[in-house]
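Pasting the structures here.
Two complexes come next, and they have one chain in common, subunit A, joined by subunit B in the first and subunit C in the second.
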Partner chain A sequence: MGSFMLRRIIYVIPALIAVSLISFLVIAIPPGDFVTRTAELRAAQGDIMPIAEQDAMRRAYGLDLPIMVQYWNWITGVLTRGDFGYSFSFNLPVKDVIWPRLGLTVVLSVASLLFIWVVAIPIGIYSAVRRYSAGDYLATFLGFLGLAIPNFLLALAVMYVAFAWFGMNVGGLFSPEYLEAPWSWDRVLDLLNHLWLPMIVLGTAGTASVIRVIRANLMDELHKPYVTAARAKGKGEFGLLMKYPVRHALNPFVSGQNDIFVEIVSGGTIVAIVMGLQTTGPLLLDALRTQDMYMAASFILMLSVLVVIGTLLSDLLLAWLDPRIRYQQG
Partner chain B sequence: MSTFDETTGQVAPIAAVHQRGRGYDGHWALVWQKFLRHRLGVAGGIVVILAYIVALIPEFLAPVTLEAYNPSYSYAPPQAIQWGRDDGEGWRFLPHVTAYKTEIDYNSGRRLFVPDPETVIPIGFFVQGEPYRLLGLIPTDRHLFGAVEAGQPFFLAGADRLGRDILSRTIYGTRISMTIGLIGVALSLVFGILIGGISGLFGGVVDNLIQRFIEFIQSVPAIPLWIGLAAAIPQSVPPLQVYFLITIILSVLGWTSLARVVRGRFLAMRSEDFVKAARLDGCGPVRIIFRHMLPSFLSHIIATVSLAIPGMILAETALSYLGIGLRTPIVSWGVLLQEAQNVRTIASAPWLLLPGGAVVIAVLALNFLGDGLRDAADPYSD
Partner chain C sequence: MDNLVEIRDLTITFAHSVDVVTGLDLDIPAGKTLCLVGESGCGKSVTAKAILQVIDHPGRVSGGAINLRQANGAVLDIAATKPTSPVMRHVRGADIAMIHQEPMSFLSPLYTIGNQISEALTLHRKMSEKEARAEGIRMLEQVGMPDPERRYDSYTFQLSGGQRQRAMIAMALINQPRLLIADEPTTALDVTTQANILDLLAQLQRDSGMAVLFITHDLGVVAEIADEVAVMYLGKIVERGPVKEVLEHPRHPYTRGLLASMPRLDGDFKAPLKAIPGMVPPPALRPTGCSFHPRCEWAVAGFCNMISVLETELGNDHMVACHAYGPQAAKIDKHATRTPAAVAPAERRAESMEPLLSVRDLHKHFPIRSGFFQRQTGAVRAVNDISLDIYPGETLGLVGESGCGKSTLGQTIVGLHRADGGAIRFADGEHEPADLLTARGATAKRLRTDIRMIFQDPTGSLNPRMRVRDIIGEVLQVNSRFSAGEIEAKVQALLSKVGLSPDYAERYPHAFSGGQRQRIAIARALASDPRLVIADEAVSALDVSVQTQIINMMKSLQAEMGLTYLFVSHDLGVIANISDRVAVMYAGRIVEIGSTEAIFRNPRHPYTEALLAAIPGRGVSKPRDRIRLGGHVPDPSQQLVGCSFADRCQYAQPACRAVMPPLEGTADHRFACIRADELRLRTVTGQPELVGA
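After this line comes the complex of A and B, so read on.
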């Protein structure tokens, strides 16, 4: 186990380097930068920005350096000082903006993951045991629907229903009075009060796929000889189910958690934009539109780091759960 | 080729396997027969074919053209079709919709449309309307259905901000939304077969490197990257080029699952007897791949492709909805959904979500079709 963990953790390092390169280059390589975007905006207001002023601004922000030098300066700042560079549009260091947003993103993502587990595992087991019952068909149908409805459309529909039928305005993660307030119990309760809706919206697609995975795997296990043997020995049906076949069926489920977590973080961006959540999504979109380079790169970097860490944790969990994996690779 | 039966522990002879077909059916006939038994898959396939027919001839199917607008019918609600009318001398058959009366709601200060039963707008099939070229070739001005007298208000699914017919625009949007998935997947397929093929054929270090690379790409959150790449397309790029750039962006991250399927098949098949036999017969690698290996995993590729299209459609819709994907005058379902930007607009005009319904139906149908094809791709197992 120890050597497997070590190997797996070392493998994270090249992944992180590649991720940081990609997140920076995606922003830096395309033509145009924050200065050209500002000049365009000013020009639209009838205020022409002289070339000399543009160049001076570029020099001040360090945008005139070669891309790889800019990348090096940025990434060494991130690693050594926790300094993510400067946000041009906020006129603030990126780190002041990014951490609270990232914290809420983690909270929302983990909440959605827990929601998926709590909902999908029991339904998946039920579907497999009561195969072709009315409940199974209902679960399968809802599962397909959950996969087919895009996250943002579901968010729109939920907001519409809440607004038109219940008169609630459900955007955001906080009530207005707690938006800028320091953390307190009331603020946490307010957050929980707002969190459940985006959590469900974000969790539907994952729930659907987890139900399918558990149903398929459990159905394969249910008729294996070891189940018959345990039943012949007089073990109770429920205890038997939980002790043997469900544990077998959970392995593929755990290894599928990587993809689901990636989906949650990825889809969370769009849900957050539509529902106006105070997570990374809306700011990332704004930063990309205004070419606020360090801000956008830092957001993509940290979202990817979140995913890489999530993948690492789920791999370690799988190795702990299923000895075959650590013997095979460790 | 013989199969091993798990429950009896018997090896079934070839003849027994083939009895599932009619004994003399080829591979594709067996695939087809197995697919027909998957009823949801067949239903999905029919819906998909219908959707591509709509994508082919939207000019004929839509009551009005894409450009038709009338600001005085801004946010007009859907009209109900009535089949007949009582004109004093008794009921007679006359399919029609009714025109609108506007009333001002003094509480909210908004303009409300109410049906005006006095003004009848007769509707019919094959009515005359704006001229167009069917399939870009045949000049005509017939539309499948619409108001008998062109230019009268006919909004079966309501109107948007500029008084444009949502139904017609959704029908037109089918063309872009359904093809962007196809083109994106075709590009992914090229990458996938090339890279997956190299990986499976060479094996060893090359395979290992490519597999790590694929794992890495699959572990990057796709939507933030897509947003990043799409936002990098300058506003000055013409809409048609944006369309192609978006398909490229979608397939940059979309080829990995196809590559995995291709590689898996290559690895499994490399040691099959018929491949060995072909090699012993002196076939070169190109002939082995295209003449012997490709036909036997083509059905798997088709199934994977049909399961990859919905993801592309969903991604395009999301990007366009955020305003960084396709742009007018190119109309896709995502572009149409841009009208539904905030809750208040949707609350007063819920029919703006109709293109979203089209997305859900298309994705559902493609998923069912893909499931059916995947089961049918291997007709020898049960």
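After this line comes the complex of A and C, so read on.
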């Protein structure tokens, strides 16, 4: 097990190097940079930016250096000083912009994931055990509905209902008075008050697919010989269900969790824009549009790291759940 | 009453109101072993599950009674008890326990065996985890699990097949049930392990006085373990009586058929086996009248197919359900027999003939990788220095326990593994002899059509998305010498050759039964007109009567097409019947090779003796006469010094461990044992026979 874990953790290192390089190159290689964007914007306002000034600006930001040198400078800064470079459009160090946003993204994503589990696992088990019952059909129907409705549309509808019928403050993750306030107990409560709407919106599609996964896997397991064997021992039906088939059906579910997490993190952008959430999505979109390269590269890097860590966690969880993996690849 | 369970008029119904079991009467006597025998599809397992009320959806008990005499003397009708009721839950596991065929799938791999054993205990008795553990370890010890303390915390995949079955027996017996239902508990095991498990069950039964309902299709096992036998066909008991009565004086034509299709190990091994024609029909198509009549050689048209049978008592507790013994017995001629299709004996090889295939010093090692960098840290020596010859037109049987490398040898010859050393020379007399390991290009292609393989599992080895025509014709399409019309004609011819209707070519494999699929697999192997066919456990997954049909067919195809077989099997009865010569393999080496007569009647290697002794049902009942192999095949990743069998051999001496015994003897019979000349080994009949006879 130790060797297995260690090997999995070490596999992460080359993945992270590749991810950081690719996320930087994707931003840096296309023609044009932040300076050309700025010049274009100024030109649109009738203010022509002289070539000399543009070059001076490039030198100041280090944009005239070869790409690999830029990458090296950036990544060594990230690794040694936690310095993610400088955001041109915010005129702030990237890390000052990115951390609060990233924190909220993680909180929202994890909340959505928990919501999916709490809702989908019991429904999935119910659907499998009472297959082809009215309840199963209802769950299946709602599940397909959840899969089919685009998230942003659902976001709009839910916001309208919450605002028009319940008079709730919708949009954003904080009420206006807490937006810039320092962290306090009240601010946390305020966050929780706002969190549940986007959590449901982001979780719906995932819930639907998890119900399908659990239902399908559990139906395969329900009539396996070991279930008959346990029943023949005299075990009660509920305990039997939980100890054997459900536990067996969890494997494919756990390995699928990472995909759902990725979907929540990356698919949240449109929802975040619609609902005005202070997560990474809208900021990343802006950074890409203005070619604010360090900002964009840092975001992509951090999100990729989240995904890599998520994969690692689900692998380790799988090994913890399934002794066959633990003992045979040790 | 003397009976622990009395089943009366039991009917079990599946979806679309198909009755799988109809009006079954069966008594399970207290303290005795009752064997329930029949082919698969006869309803044996579902009857057993009905006793525990654990039939899978959509099956259900739809009529009749299952009366269980409880410990306090009260009678409980299980059939009238709700499956999920606490009463029923209490019966399960505590009064009646069950062991199953495949411990690998009937035990969960996610929990330790200790967890699953002690669970059975704590469900029925209040006790602390510590007490349950102590009790579980004690039980494991009682069922002969080596190192029970450590094995208690093992997972199923860390145990061998025999150990898993012992774990399952421990789980069933930990509550000291009064009835143990054993559903084919030894079918998936090696013959040597099977012998040990049967001994264990017999001993546990004697010690505890419990009743055993033992389900099997193997009449050899019945002879070994049963007090009474009930033969089941299509949901009904057709014959029942004390074991000696039924096996020695079988009355029902079905019982007679089952006995006749068993390969015989006394007398002439090669005598053609008589198969019961056809197969068990699905319950939905149950024939009218006597349901056995379409396969019965005594059947009288207009009578057996019209009038349903009644049970007839013959005295001596012997019951039979056949018109031939009923009130109208005069109508039936009990001497009517269908003569089995005569199998022309295959041409015997001339002594001077050149071998078709000669294997020399063949090695196949699989690397073991471990540690952080997955470096090769050792090798599994699956095939270790093997030399043998196969002559044109003969059948060479290859036997050994699982894990001895016999399948790897077959797969290496056919080219599925790349050998690590040695040579395999193929000389068909028409082309230049070629070495399989170095052949390239056109020669390699020709060899692939000349040497073909039949696999064990006919379900897994046929692509479910391909039509039978494409499955059989694929090898011809690949070789592109044939037009579509030629291929079509050839496929039709092959199908009729293996006894299937030519219009089956359009169907997909799922439309066929196991026996029919194996026929398709054989047709596929024969499509390229091969010279050598390697049959890897080709009949092991089949029912005994179907097995006999396939063996007979393979024999007649051999005579007709001049085929040569390498027949890999763990079943010594089948090997004796089909083989001209037999090679016995152990731990990657051949320990004895010779003519079938020599191997079975004059074994010279102690391992061969032990394999023969493990064949069930040969009437050797005195325990001191028994030879039982403990342990298992040595770990093939260890480099062994000396004889690899020494650790399990009752004749082993220090000298055995010093030097690897060479394979010596005459050209017709060679063996690898340094004590071969001084030992008097027992033959297949259990008698010591003259060495050198």
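Just so we're on the same page, the second predicted complex is superposed on the first by the 319 of 330 C-alpha atoms of A that agree within 3 Å, B and C clash if a C-alpha of one lies under 4 Å from a C-alpha of the other, contacts with A are read in each partner's own complex, and residues count from 1 in each chain.
In this text, a contact is a pair of C-beta atoms (placed from the backbone, for glycine too) under 8 Å apart; a residue touches a chain by one contact, two chains touch by 3 or more.
This one's a predicted model, so the numbers in the text were calculated from it and none came from an experiment.
Visitor: Is the number of subunit A residues in contact higher for subunit B or for subunit C?
Guide: More residues of subunit A are touched by B.
Visitor: Quick check for you: in the superposed arrangement, does A:E237 touch first (subunit B), second (subunit C), both or neither?
Guide: The second partner, subunit C, only.
Visitor: Just checking: does A:A319 make contact with subunit B only, subunit C only, both, or neither of them? Give me first, second, both or neither.
Guide: neither
Visitor: Contacts for A:I260 in the overlay, against subunit B (first) and subunit C (second): which applies, first, second, both or neither?
Guide: Neither partner.
Visitor: Answer with first, second, both or neither: which of subunit B and subunit C does A:I270 touch in the superposed model?
Guide: Touch partner of A:I270: subunit B, not subunit C.
Visitor: Quick check on the superposed pair: does A:A18 touch subunit B, subunit C, both, or neither? Answer first, second, both or neither.
Guide: first
Visitor: Could you tell me if A:L145 is touching subunit B, subunit C, both of them or neither one (first, second, both, neither)?
Guide: A:L145 sits against subunit B, while subunit C stays out of touch.
Visitor: Report for A:S3: first if it touches subunit B alone, second if subunit C alone, otherwise both or neither.
Guide: In the superposition, A:S3 contacts subunit C only.
Visitor: Classify the contacts of A:L153 with the two partner chains as first (subunit B alone), second (subunit C alone), both, or neither.
Guide: After superposition on chain A, A:L153 lies in contact with subunit B alone.
Visitor: Taking the complex as given, what residues does subunit B use to touch subunit A?
Guide: That would be residues 216, 218-225, 227-229, 231-234, 310, 314, 317-318, 321-322, 324, 337, 340, 343-344, 346-347, 350, 353, 356, 359-360, 363-364, 367-368 of subunit B.
Visitor: Where on subunit A does subunit C make contact in their complex?
Guide: The contact residues of subunit A facing subunit C are 3, 6-7, 223-226, 228-237, 243-244, 247-248, 321-324, 327-328.
Visitor: Would you tell me which residues of subunit C are touching subunit A in their complex?
Guide: Subunit C reaches subunit A through residues 49, 52, 54, 56-57, 84, 89-94, 97-98, 100, 102, 105-111, 116, 119-120, 123-124, 155, 157-158, 168, 171, 371-372.
Visitor: For subunit A, which residues are in contact with subunit B within the complex?
Guide: Residues in contact with subunit B: 15, 18-19, 22-23, 26-27, 29-32, 144-145, 147-153, 156-157, 159-160, 163-164, 169, 171, 258-259, 262, 265-267, 269-270, 273, 284-285, 288-289, 296, 299-300, 303-304, 307-308, 311.
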